[in-house]
Each structure stands twice: as structure tokens, then as C-alpha cells.
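Note sheet for the following structure.
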Amino acid sequence: MSAAPEHAPKMADVSLRDRIAPHMPVLLVPLIAIAGFLAIQNPSSWLTLTVSGLAMGMMIFIMASGLTLVFGLMDVINFGHGAFVSVGAFVGISVLLLLGHMTEAPSLLLNLTALLVAVLGAMIATGIMGWAFEKVIVEPVYGHHLKQILVTMGGLIVVEQLIVVLWGPEEIYILRPEALKGAITFAGAAIEKYRLVAVGVGLAVFLAMRWVLRRTKIGLIVRAGVENGEMVQALGYRLRLVFVGVFIAGSALAGLGGVMWGLYQEVVTAHMGNQAMILIFIVVIIGGLGSVEGCFIGALLVGLLQNYIAFIEPKAALISNIALMVTILMWRPMGMIPVVKAK
Amino acid sequence: MSDPILKLEGVYTNIAQYHILQGVDLQVPRAAVTMLLGRNGVGKTTTLRTIIGHWRAHKGRILFDGEDITKLPTPAIARLGLGFVPEDMGIFADLTVEENMVLAAVSGPINSARLDWIFAAFPPLKTFWKSEAGNLSGGQKQMLSIARAMVEERKLYLIDEPTKGLAPAIISTMARALKDLKDQGASVLLVEQNFAVAKALGDSANVMDDGRMTWSGEMQELATDAALQERLMGLSLEAH
Amino acid sequence: DIKIAHIYGKTGPYEAYAKQSHDGLMLGLEYATGGTMEINGEKIVVIEKDTQLKPENGKALLEEAYGDDEVDLAIGPVSSGVALAMLPVAEEYEKLLIVEPAVADSITGANWNRYIFRTGRNSSQDAVSNAIALAGEDTHIATLAQDYAFGRDGIAAFKEALESVGSDVAHEEYVPTDTTDFTAAAERIFNAMKDLDGKKKLFVIWAGGGNPMSKINAMDPSRFGIEMATGGNILAAMKAYKEFPGMEGATYYYYEIPQNPVNDWLVKEHEARFGAPPDFFTAGGMTAGIAAVEAIKKAGSTDTEELITAMEGMEWETPKGTMMFRAEDHQALQPMYHFKIKVEDGVEWAVPELVRALSIDELPIPIRNQ
Amino acid sequence: MIRTLLSGDMPRSVPLALILGVILVCLALAPFLFPGVRTVDTAARICIFIVLVASYDLLLGYGGIVSFAHTMFFGIGAYGVALASTHLGRGFDSIAIGAIAGAGVAALLALVIGLFSLRVRAIFFAMITLAVASAVAVLVSQLSGLTGGEDGLTFKTPRELGPAFKFGKEAFDGQLFGVKLNGKLLAYYFVFIGALVLFLGLLRVVNSPFGRVLQAIRENDFRAEAIGYKVVYYRVAATCLSAAAAALAGALYAVWLRYVGPDTSLSMEIMIDILLMVVIGGMGTMYGAVVGATLFVLAQNYLQNLMGAASELTSALPLLPDLLNADRWLLWLGVLFILSVYFFPTGIVGRLRNSG
Amino acid sequence: MAVDAVTCDFHPGQLTAIVGPNGAGKTTYFNLISGQIPASAGRVFLHDRDISGQSVSARTRAGIGRAFQLTNLFPNLSVLENVRLVVQAKSGRSFNLWSMVSRHGDLTAEAEAILQRVRLLEQREQVVSELSHGNQRKLEVALLIALDPAVYMFDEPTAGMSVDEAPVVLDLIEELKDQRNRTILLVEHKMDVIRTLADRIIVLHNGALAADGPPAEVMASDVVQEAYMGRGLEGVLADV
């Protein structure tokens, strides 16, 4: 007599399809790139579109990563996420304006240093704000999705208005640091330098998040805490603290995304974060709420597809994201790499 | 009896509007296995959960090693040296066995001697060390759950029905591991429905009914008195 | 008292424009009344109302202004959408609405009624002046605009104007209003233009954020000999023009360009009071304020019919020089300025240097309200 | 009689009954009690938003479905009337055709969205509706040939509903209690009666057997399935119904404004307003829609004035006047938003009923 | 895999008790029959009709009704409304959008009659979440009775009920049994209950059918003694 029935997967029965299935989301990116190549037929255009699409995906990923982190790990829908993006952009851009002498100098090193300072400033500001947001706005509504939606929307309005009070109603225009202007051209394709920076930052964020979530105990605690918070506490971990930390991290990531996005747009407004929210939601949904990998792949897909469609048929670009979302949800109703268990 | 490691004094616990515990008194002596018995739904699990802080006692006191832990948050209680094996095992299914164990070793890397001892007690854990805990069989999950509690030395183990759904052979392994723990000087508070196991392991016994402690004494006494068992726990089955 | 309602979107994305517009209006009233804020001994009272940029509010507020507050005339709003919703109210109440600074052609076009005057420029004036500034021998022009009425109308007017000066559009590109990534559009434009000979220009009409100019510029259009071109903008947005020294286009207003007493007064007073030079919408607001005062003075009353009679064909002095309400569609005809961008040290924004003023006579603005 | 009109769903609280009574009387006699263009306009908006919010309450409060596409349906109704009036000429028949067609299209669209996405997780549904609604808003602005794009459509309603139409000259000398008898007055009563009928209709629906099933599903869809209800069908039906009701509210709005545009009827801002009205009023009560919409529309219209006054009073203090600046009214609305979720978790109606 | 290849016929007029240790698969077995979990293999027949592919609600309408082990009601609706909803589900009037609920007095009357039977009539206006645990359990049973299915499935109906409340429910089950045309499945841990009510016992263990037969026979069998009641462990544990 055995104990509970043994779980013994029988490999022989697993078809090729089943074996590919877990990797399908990852494969989608090259598949779409190949499809794009066949449809576009102009190698230099394709190269430009592909690289810039990937870079755009990276920027979206940076903005979305915080949301997916917070939702995936803590089951909190933060409709105010966009406000953090805006605040990040404003703080970062203000810092950059202060460091004008560094950004206007044609030295890559100085420019990047200034950017780094701006990013740090923005992340610290949004991190602190995230902490306050969590304490004041989110804490009382853990576990109530509807209330979370309402309260964080209220928070969004308040923060946007406070930005206007602090920075004034005008849009703030900013130029990119000198060394990040312009493009690198090769093989007939022009790749904006700034996008290469975005790719670097995006990859770094992605790898860092993966590393933290997989290799450190924090990652374990958070992953375990989502599954069974009580047990994690019973092991002696202050889950609440870790969760606040996650919220702060998510907010700081939004701040980082805000700086990157603001510099990409070269103009910041109080509404800019909220305007990016739809795109962020789409990415987070198709990724499978809560999955960093899914979010990453989703962002790349959105970036690529948007560019290809806009090139091939500009009219259809409008609905390309929605169509992508619908298709992916029909294929996998929980998103590509679902993390949070069905509710 | 020396001073108990854990002491509950008139603990009342409500879950939502239900009054579950209604004045529980309990003493857990050091370096011994204390049984907590009773029919289904009398509040055994609730008692353990109240001790570890998952439910809050709204009246009464809980003393651990002389310290009042009634109002402490769960992590703080756990860090005082309590190992908890919940009724549902609390396995982190998405994590590997190794990750489950690493997480349980709160204060640092796993002590390898202790790990060897655990492997010796529960060989399957070694076999499945790198596989996802969710894929383990029920018995193996139960082993993992207890192994997690044992991975570091704790002063007191709270173990909720470790043998449910286990095959007899595994039950005896489990029982031996618990006995090892006791021999190492740890204290154990054990909830057990299986009276045979209770008889074999327990030093003292406490029987609950309706959220109250109805009987406390030596296990020996309860084990030999069928009428008492019948009265306290409705174990009419045994007499059948 | 003479009551004037200023109805505009004080809160919302155009908040900055709104403030300029109101400051300008008040300066205009002050200037035109010689600082007394009185016309023929009657005090001017300005009632402000915030549409929050919502057309339905604009409508209700205008009704309130005419019906409950019994204002003599109303001025506003910033957004064309709000303006279009407000137009029929003026007709219903048979009172004047001076549109400033909403630009849609249809305000003095298809949706016009005889109670509507506009002191602001319309899209055609922008388009025609830009066409004149850009067109030239052997010049190929591609356009990029947002895919909605404002963008399409603007390009249509631009195209019409180009044709009238004997040129045409090589490629039209429209992208969704909220586009942030212009790579695809730029590639399409580059592919369409790279094999053409002669001068190549890409003319951009864009409203709101997501400015495509520098994003496309970052893709190095000069590889294909393509130059960027666009119209003038508010000072804050002109910062981004620093990337385009030598770029040409046409603008509505830049405080250093017009040379006349009104503008001198405006620049001086504005710098004194607000510590910054006046901008697009300040000049616009002032124009509307002066127009209102001059019209009442000329009509000698605030009776609507008399005002209309007085204003049709009226000429008056503004920061941009003399303007005239065209009798047919009540559009203020006004000069525009062909500029060339110069980057000056110590100036936060790029400076549009005057190439040549395009006078009223040089700008054939079609009448579209027939 | 009253019981039947209210479908047996009595206010169950004296203060609530009083409040509702006052609102009803004020709205019914608005043109006479508060003569003035602005006030009547406010009253008409309150009527329309009551219906709109009530229809959303059917979805959210009774069905437990979070949707962000409600303004989309509202807009479809409004555009229905606008397009019909533009292309078929002014007239009551155009209004009827536009309203019915709008409601039909809205219901159909709701059916499609519902069948596709009510099977996925609730939160997905919320986000999907958000995306769809924003796409539709962009679509409307792009199809400017048909919809007038960003600028919207201005159109004419029947002459009888316009201010130029005067009546009762002989009998009352064109005036009644000092109020001019003109088409504007008729338009107001058109809206008022339309809203009243729609609201009572919605009240009936939530108190029908169907409404009870919806409540059951909201409470526990798992168990509802287990006692034999096909949950998806009911959810989809509720979505369609609520969409159609929202479209009719939109039609009333179009009639009142004689204008439609994306900002007026499709914007995300209105969606947030609706959410707030439902929450402030009290979800799942229908009467909450009445209280919430009334309070909110009043605040929206008059909060700015109040704040302007407050700002002047505090002008000596630092920062405060900035925060109280009338232009910052959105800030305080946001604060109100947050506070109301905390302090009125069951809404005003829930509060009144519990204390009563 | 929680339930493995269990084949059984259940007949009208017969009360079958299903026993087995915690986690044996009893609830899962119920879930398979009522459709909450689709079976990965195997079929479910009702009156010789294959209902395996049908949804939960379709199976309910076909005549399979169940009460849940964990109370599963409509917490913010009144007691009467809970039962009325079930009666309404059967009446086929649920897509009626236009008549007032109060016009369906027959449904209300029927619901009240059922509440009378489970002695909950006095609480009919109370909101369920304010009901005591025992009364909620009764309501759980009331819902099933209101459904009046061909197959009744009770999952530990008396769990959490006090000694004086339980008989109400047990009497009701007895009553149903006496109607002789209802098939009743009962999961229950209390052996005395099973002994008085059951016509037949099946024992599940680790998801497999361990025994099946008349009560006396099954309870005496070795497999039950060993697997369920823990007899025979003594030998194993002797050396501990």
C-alpha cells in the first residue's frame, strides 16, 4: 500500500506539442520577427523596425515590471501605477535640468552619470512615495480588488494634481543628454542611441528581477508568501515587511520607467504615466499577471508587433495591441505565463 | 514537573463571529511529547494556530519560555524557537524541496549534519531534493513539512496531525523521528487523531471538547482506560 | 456694467494655455481701455468659467453666461471640440461669442453662425503660411500628421495651399493620435522619399505631447537628404526645436517678431508682471480683449446686432499688428511669420528668426462657411 | 401603488426615504424651484446620470462584474441619436430610431465582449473592457467622417424641444410661475420622465427573479452554479441589459445637449465618475445611484465655487491657497474618492439603512 | 490523481455512506459526480444517461444535488432568499425580468415550508453571515432539500454541529431515506451515525475503493480496520 498516490510523469506519453508548450511564449518573439521579415521584405527597414521595436518593448517592460511585481506577488491592482511613472519622470527630469552642464557636455561618461543620478533620484522619490502609498492607501484594502481599483484611482488623481501644484501645469520639455542624441547607422538601418540605452537598462532590470526572485531568499520568501503567507510567517519571516519592500520596489521601478519614458518622449506631463497605463495593462495581462518573464515577453511582442503593423498597415496599428491581447487570451486565458492562481 | 515551556491560560479565540476556543488551559512540559486529543472540530487546530499567532486570542494569556507571546506577531513568535507543522502541511508547491528547506532555515545555510540526520529519517527527501514540492506524494509532503520544522533546532514543535493519510510503514518512521526529537531535548505538542500513535508517542495527554480542555493527565492513564476514552472522545469505534 | 464671460478650460491638459489666454485677455482689456477697465464710463466685468475641457460644460456654461449672468458677449475656449459645442448656443441666445484661441477651420466654416467671430488663427492660416514658407523650386514635401480631424484637415489645407503655389505633396503619413513610436512612420516616409531628387522636406503637424520631430530626427533623415519642418509653437515646446537649427516654417507669434506699439507694451508689461515674455496664447488673449473693447466702442452699445454690424470688416490693432474681421465668415485675417530657427546661447528655447512677414494679402485663406 | 412602482424595494430607512423624496421633488419641479439655465442643466444631468449609474449598479452592485466599458455604451446611445438626427433630419422619430438602434448595438457589443471575456478572471474582464473602451474612443476620433471625430457632432432635435419653441401664450401668457414656457422646459421634462421611467424599469429588473439570481451569483457564483444556474448566461444577460440601459441614458443626454463628442460620452473620466457615484451612493442598492449621482454632479458643478471662496479666505497662509485654488478641485475630488471608500464602504444608502 | 478508478452503482432508496481517512478522496469523489472537477477518465451515469461531459449546473438540473463540506451559501442574502433561489432555479422562471419577486408567492411559500422542516423559519429574515455555524449547516442541508434532486449528496452534514442540533439534520436524512425513491450518498466520520443510517458502506483510501458492502461486514473487515481506524498499528509502533 502506498501513501498518497505517487506522482510519476510518464515521459513517453508527452507529445512534441506538450514539450514545446512551456516554451511557446519565448518562441513567439522570434516567430513574430520572422513573420515580420517575410511581410516587410526590406531588410534595412526590417532591421530598424525590429531593433527599435525591441527597445520600445524594453521601455514598456520597465514601466510594467513594477505593476506585475506588485500584482503578482501581492495581489494588489495598482491603478495608480501611472502616477508613479509620472512622478518618476518629473523628478528625474528636474534632476537632469539641474545637471544641465553634465547633460549638455558631449561626453558619454558625464551624460550617463547624470542619467544615473536622475534615475536614482527618481527611484528614491517614487520608492518613498510607494511606501506612503502602501501605508495610507493600499494597506486597508488588501484582498479587495474593487476597493483597490477605486482607492488607487483616487490616489492617481491626487498625485497627478500634486504634480501640477509642485511643478506647475506646463508641460516640461527636455532634451536628451548630448551623447544619447541621434542614431547609429549600419546596414542601412538607423538605430537611435537612446534606444540602445533602453535595451541595456531593460535587460539589466529583467535579469536583476529574475536573479532576485530566483536566487535570493527574498525571492523565495515572496514566491512562497504568495502561495501561503501564513506558513512563511510561521517560519519566522516578517512577510509584511517584505511585501512593503516589494511595493516600494515596484514603485521605484515605475519611477525608473518614468525617467526612461520621459526622456524618450522628451516632454513630461502629469498625465503621461496614466496615458501609458493601457499599454502597460495589456502587457501585464498577456504576460500572465504577476510573471516577470511573461511581462518581458509580452512587452517585446507588443513592441515588435506595433512597429511591424504600423509599417505594413498604419490603419491597423490602432487595434494591433487589442488584437494581440484577444488572441493570446484565447490561446491561454490566464496569460502566457500565469502566476497567480485563479480567483 | 519542571516549569512548562508553553503555558496557555484561559485562552479564548474567535474566528469571525464564531467562538471557537472558550477558555483553553494547557501546559506543555519540557523535553516531552504532549498530546492534544479530541474529536473533529473541537478546536485542536485552532489552539495551535492561536499559539503561533495565526488566530488571535482575544482573552487569556500564552506564555512561551516565560515570555508572554499573546500579542506578538507570528514571525516574532516563530523566531523564539517554535517549529510549526500545520494541518494542511503548508508546503510551497511551486518551490523545490531544497528551496522549501532553505527557506525553513531562517538563520542561515542548512547545517549539513542535521540534513544528514533528516535524510536518514526521510530518505525520499534526498531522492526528490531538486524536484518541485508540489509533485510529491501526500506522505512525502508530510515528511517535508516535518523536516522543515526540524531543519533548525527549535525549542518547541507544534505538529498538527502528522500521520493523517500516511501508510503505516511511514507512520512508524515519522514516529521514530519525533521520538528522536524528544530525545534531543526538544518539546513537542502533537495533535493526533490516530490513537495508536498517540499512545505510543505521548508522555502526557490533553483532551479537548467544544473549545475547552476537558481532561489532562498522563498518557498512560488515558491509554489504559477505555471508558475514559469513550467518555472524552467518543472513541466507540475502538470498543466495537 | 459691461459683462464679458471668459469660458475656457482652466483645468485639464491645456491648463498652461488657459492661463496664458486669460492673462492676455486681461492685458488686452487694460490696454484698450487705457488702464481704466471702463468703456464710456461703464465698468468691464469679466466672469471666468472653467469648462474643464468638456464640451458639455462649455455649452452649459455659455448658456449660463448668456441666460443667467446676462453677459454682453463671451470669449473662449481653448479646445476646438468645446468651441464647436458652444457655437449653437450663441445662435440660440443671439449673443456674440468671440472664439479664441480654438483653431478648427469649421468654427468659421461649416459650423459657423453669424454670432461667431474668431480672433484666433484658423488651421488654414497655419497651413497656408507654412506652405508658402516651405514651397520652392524642385522641393518635395512629405507630411506627417495625427490621424484625426485636426490632422487631416490641416494637411488638406496645407496641400491645397501648396497646390496654389505650384507644388505638391510627395507622401502623406497619418498615425494614431496617441502614437509614441514613430519608427514605422519614419521608415515609410524614408522609403517613399529616398529615391526622389531635389530638396526634400518632411512637414509635421502635431498637437499635444508625443512630439515626433526629434524622434524622427534621431533616425537621421539627413541620410536621405530629408529636412524636418514644422510650424511655430509655444515657448516651452520650442525648446525641442534647438535640435533643428536652420529649420524653416511659419509661426503665429513670437514675441520678438512683430514690431508695433501694442506688442512693445505687451512684452514690457508681461515681463514686468510675470517675469517672462508673452507667448502664443497671451498674444491671442490680448487680441480678443482689444477686439471686444474696440467693437463696443465702435458700436456705441452692447446690442448684439449693432456689435455684429460694427465688427464685420472691423480693423483693429493687436500685438500682431492690424487685424481685420472678414465680413463673410468673421475670421480675423492676420499676418503670419516665416521663420528660420536659430540656437542662441542663454536662451532656453530655440529662437525663430523672422525671414519674412506674410501679410494678410499674401495669405489666400479660403472662405468655408458658404 | 407606490410599492408596485418601486417594485417592492422600499427605501427601508426614514432618512433615506426623505432624501429620495426631496431629490424627486426637486428634480420634478427643478425649472420652477430653481429657475436658471445652469441649475436646470444641472438637474437634467442629475437625471441622466442617475440612469447611467443605476445601469452600472446593475452590473457592478448586483452582478459583481467590474467593467470599464460602460461609458462606451453610454456613448453608443448618444451617437445613435446624434447620427439619426443628423442623417434622418430632426424629429422625434429620429430620436426613437437612434435610441433604439443605439441600445441594440450596445447590447450586441456587450454580448460579444461578455461571451468572450466573462469566462476569464474578473480582473481580466475589467482590464479587457478598459482596453476595448479606449480603442473604441480612438476609433470614434478616427472615423471623423461619420462621428465628427474629436469635435463631435452638433445636431438639431425637434423644434418642440428647443428654446425657440414657445407655447401656452393664450392660456398662461407664455409664463407659469414666472418660468417661460418654451421648448427647453419640454426638453427638461422629456429627460426627466425618460430618466424616471428607465430608473423604475431598472429597479424592477433588480427586483425580479432575474435580479435575485444576479445577486446570488455576485455572492457566490460557485454555489449558484451548483444549484443549477448557468452563471455565464446570467452574467452576459446582465451585461447586455446594463449596456442597453446605458445607451438609453446616452440617448437622453444627446437629446438634452444636442451635441455629442468623445469627451462628453466616451471618456475614461466619466467612467471614473460613474464608479465614484456608485461607490458613494452604495453598491447594489439602486437608490445609491440616485443619491450618488445627485451629490456628485452637484459637487462637480459647485465644488469649484466653494473652493474659490475657501482659497480667498486662506490667502494669507502658505501653500494652502494653492491647494484650495479652484483649479485644484480635482485634487479634492481624489481625496474624497479615497475617503469615501474608507468611510462609506457600503455607501450612503448602506449607512442610512444600517443606522435606521 | 486524487480518485483512482472507483466504480460504483448507487440505487434509489438506498443510503450509501462513504468513509475513509482525511484526504482519502471522498470530497473529490463528490466533486467528480457533481461536476465541480471534470474526471480525467471514466464516466458518470444518471438513470443510464451519460452526464460526464455536462457542466455543474446541467448536472444539477438533471438531478444531482449536493451539500458542501465547507459551508457554501450566499452570505449576504437572507435565509429565506437562499432557499427561495433554489426553489426558483427549479421553477424555470429565473429569466423573468419584469415581474416582481413578491408576485411569486408560491415560490416563497415553498421556501418557507422547507425552512419549517429544518427549523429555520424563525431566522428567515436574518442575513446568512450572521447565522451561527450550526444554523448555517442546517441551511446548507435546506438548500439541498429545496433542490429535491434524485441523488442527494451530503458531505459531512453534521460537522461542526452541536450534539443537540445534529439530530435535526439526521432526522431529515432519515425522512428522505424513508421516501424510498431517493438515492443518498453520505460522507461522515461519526461511526454511530453511519451505523444507524447506512444501508451500505464504501471505503475510500488513497483515492481507491478499499471496501464496499453492508455496514457490519465492512466495518469488521481488516482493510477498514487497518486503513481507516488505525488498528494493527500497534505492532508497528511497539518498538518506538
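Annotations for the structure displayed:
The letters A, B, C, D and E name the chains in turn, as written, and every chain counts its residues from 1.
The criterion applied here is as follows: a contact is a pair of C-beta atoms (placed from the backbone, for glycine too) under 8 Å apart; a residue touches a chain by one contact, two chains touch by 3 or more.
Protein names from UniProt, one per chain: A, D = ABC transporter permease; B = ABC transporter ATP-binding protein; E = Amino acid ABC transporter ATP-binding protein.
Owing to the predicted nature of the structure, the values given are computational and were not obtained by experimental measurement.
Note on connectivity: the fewest chain-to-chain touch steps from chain C to chain D number 1. Averaging Cα atoms per chain gives one point for each, and the point farthest from that of chain A is the centre of E.
Set against the C-alpha centre of chain D, every other chain centre is closer than that of B.
When chain centres are taken as C-alpha averages, the shortest distance to the whole-protein C-alpha average belongs to A. Per-chain CA centroids place chain A at a distance of 38 Å from chain C. Measuring from the averaged C-alpha position of chain A to that of chain E gives a distance of 48 Å. Taking each chain's centre as the mean of its C-alpha atoms, chain B lies 78 Å from chain C. The distance from the centre of chain B to the centre of chain D, with each centre set as the mean of the Cα atoms, comes to 57 Å.
Touching two or more other chains at once are residues 15, 147, 176, 178 of chain C. Under the contact definition stated at the top, the residues of chain D that touch 2 or more other chains are 138, 142, 328, 330.
Residue positions 1-5, 7, 164, 318 of chain A are each in touch with at least two other chains. Residue ranges of chain C in contact with chain D, taken from their complex: 10-11, 15, 50, 53-56, 59-61, 63-64, 66-68, 80-81, 84-85, 87-88, 92-93, 104, 106, 111, 147-150, 152, 176-178. Chain C contributes residues 13, 15-16, 19, 147, 173-176, 178-181, 183-185, 187-188, 191, 209-211, 214-215, 218-220, 223, 236-237, 239-240, 242-243 to its touches with chain A in the complex. Chain A contributes residues 77, 137, 140-141, 145-147, 149-151, 153-158, 160-162, 164-165, 278, 281-282, 285, 289, 318-319, 321-322, 325-326, 329-330, 333-334, 342-343 to its touches with chain D in the complex. Across the interface of their complex, chain A is touched by residues 60, 66, 116-117, 119-124, 126-128, 130-132, 134-135, 138-139, 142, 272, 275-276, 279, 322-323, 328, 330-331, 333-338, 341-342, 345 of chain D.
Within the complex formed with chain C, the chain D residues making contact are 36-38, 41-42, 138, 141-142, 144, 148-152, 154, 162-164, 253, 257-259, 261-264, 304, 326-330.
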